[in-house]
Amino acid sequence: MTYSLTVRDHMMVAHSFTGEMFGPAQRLHGATFVVDATFRAHDLDDDGVVVDIGRAAEALRGILSALSYRNLDDEPQFQGVNTTTERLCRHVADRLVELAREGALGGGALTGIGVTLHESHIAWASYEVAL
Amino acid sequence: MTYSLTVRDHMMVAHSFTGEMFGPAQRLHGATFVVDATFRAHDLDDDGVVVDIGRAAEALRGILSALSYRNLDDEPQFQGVNTTTERLCRHVADRLVELAREGALGGGALTGIGVTLHESHIAWASYEVAL
Amino acid sequence: MTYSLTVRDHMMVAHSFTGEMFGPAQRLHGATFVVDATFRAHDLDDDGVVVDIGRAAEALRGILSALSYRNLDDEPQFQGVNTTTERLCRHVADRLVELAREGALGGGALTGIGVTLHESHIAWASYEVAL
Amino acid sequence: MTYSLTVRDHMMVAHSFTGEMFGPAQRLHGATFVVDATFRAHDLDDDGVVVDIGRAAEALRGILSALSYRNLDDEPQFQGVNTTTERLCRHVADRLVELAREGALGGGALTGIGVTLHESHIAWASYEVAL
Amino acid sequence: MTYSLTVRDHMMVAHSFTGEMFGPAQRLHGATFVVDATFRAHDLDDDGVVVDIGRAAEALRGILSALSYRNLDDEPQFQGVNTTTERLCRHVADRLVELAREGALGGGALTGIGVTLHESHIAWASYEVAL
Amino acid sequence: MTYSLTVRDHMMVAHSFTGEMFGPAQRLHGATFVVDATFRAHDLDDDGVVVDIGRAAEALRGILSALSYRNLDDEPQFQGVNTTTERLCRHVADRLVELAREGALGGGALTGIGVTLHESHIAWASYEVAL
């Protein structure tokens, strides 16, 4: 059995893609990513939660703020790779994993973290990692 | 391979939380929980369904009616625990498991039941159990 | 012609209703209200906006914070009236009108303000006022 | 009495804003705009429609394609103005009005056109014009 | 100033259209219509509501039940006309107006009724009538 | 760890069900199915994607076009079975699996495909298969 808690936030970024497959998305364009961060656990802590929802929302906010209102093509950490929706899911998830391991999210032992980025009303991507 | 069917309903309750972590939510407040109940099976029955959607919706309605328009702080079954979104997911799921085991939902053999409670447009929790 | 800008936030409250019509909602219960505040203008200001979206969101946040995580039955301002979804729409709109008149939202001259409160996935109410 | 028909599509663009009010949005960033185009009429045509939904969707698609996957800061038509969500609503509506006047949308006489651009799950703008 | 209350329900029907404009929709096909019924009033009644939400939901349920799980091509009331989304909006609204005039919805004096039918995630129609 | 990408489209069909359990849905009726197709992979390809989103959307469009604006009761492939939402999920997923195996979706090695069909705002079904 698994419990999970999810919080939602968003970011607005510019970027471009390299590779013919991307067609017009090779041009500089942008996206609003509505971001869902999911935390999973086999059990709840004594307060009855998976994580402290306030700290989880704050953690997500901090991660997205470091990317938001920016042109991702200029960010050193993304040089040489396409900042596809899939890759950005992993970027956000990896940061959340670090914070979870530092105990920054409250709650008990997590078994997994998942991140979904909605790029429009008709497309989204996810990345899920076990802890 | 897995099939699933999900039905949605809702309930409106009052409650309060114990524990400093909850901040202002320690005060008596309330929530609308939009509730998604998911039934999973490896195969469909002869009619081509996971469960009888009418009976599943009725089962969920019954479970939520027993909680709806109430102050959960006054309910004997929740004394001494925080009725967090996570715990309420499990409460609903446990009732659905009982009904599934009694054969009250129609369909064939279920392999799992999951329940998601949306507490707002930016937060939700889930509980998933294998059968 | 009319421009409008809408921002969304939410609050979680407890309350009860007086009157047989309300059935089980006469008991103490609660709700998550997802709140949409809409600002209308015949023209945009020089920056190209109806209101400053940051200040509008902050204004809405402040109004909802004063009600959130509370039992509305205990609030002096709501004594003797039912805090129906319709009435709460007006309460929020009236506060926004005051702030708009004080010039606290930025932007140019507003022609109207509307507020929608979603009480569930199947019911919502609105209040619209001309300025 | 008024009938209306709405079709939804989207575009993904980069842009930046001029003016201190915009804070971090003065940097080059981007947005997914989910776009709803609404056509209004006092009566239906003989086929029972406000406009030909296929032609309306195609018209919206064409207007958005001319902006999509682009940096709006580089578009000659937007030089010297902020491409706020409000302004982009009007841009799309003005194009639809031209097409409606040319009879390119089918249906009967329209009384109004409205356009809503959703920039995130918590903010959207609209522009409404009478015909 | 105007208050409104909206309730949502749905129906699932088969139908076909006459007229070349409809393309493949001239064939027998079907739709789920998610239906929003909105009731408008200048003022609230003594209980603080536009209409009795329970009776409004029941009224909408009754109107949709008379159409649901049917082939609209076989319904006598729709012979010789296309049951477009726009026309079905009016059909539902006209029934609600009758019920409102009979006082079947509770609340005070209504100033208008509106009905929206969502035929998919990318298309919907509305009909609005003053009372 | 798992990446996934999802694209959404829809179809509008008529059908009827055999079996007393289905109640009024034994009559000829219809549905809009909003369809989400999810592609899963352990890793991304060199371009940073699970599949080519353009080809995935086109593949889904093709599969749904073959069913859309039709009465499923007349389709040879569905004779003798109920075209329940669950079964239609599998039908769509099986076609996507074929296309994935032919390499028609681009990207790298897929580990699974899932399909969700939303039949209304309160009910949906899914089918998930490992590759």
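When the chains are written out, they are named A, B, C, D, E and F in that same order, and each has its own residue count from 1.
Methods note: contacts are C-beta pairs under 8 Å (C-beta built on N, C-alpha and C of every residue); 3 or more make two chains touch, one makes a residue touch a chain.
Just so you know, these numbers come straight off a predicted model, no measurement behind them.
Residues touching across the subunit A-subunit F interface largely differ between the two copies, under half of the numbers being common to both. Repeating the B-C interface with over half of its contact pairs identical by residue number, the matching pair from A-B, D-E or A-D is A-D. Centroid distances built from C-alpha atoms place B farthest away from subunit D. A straight line joining the Cα centres of subunit C and subunit E is 26 Å long.
Subunit A and subunit E have Cα centroids separated by 40 Å. With each centre defined as the average position of its C-alpha atoms, the distance from subunit D to subunit F rounds to 31 Å. Multi-chain contact residues of subunit B (touching two or more other chains): 8, 121-122.
Residues of subunit C that touch subunit E in their complex: 17, 19, 21-23, 81-87, 89-90, 121-130.
The part of subunit F that touches subunit E in the complex is made up of residues 8, 10, 12-15, 24-25, 27-34, 68-71, 119-122. Contact residues on subunit D toward subunit E in their complex (touch as defined above): 1-9, 44, 47-50, 52-54, 57, 106.
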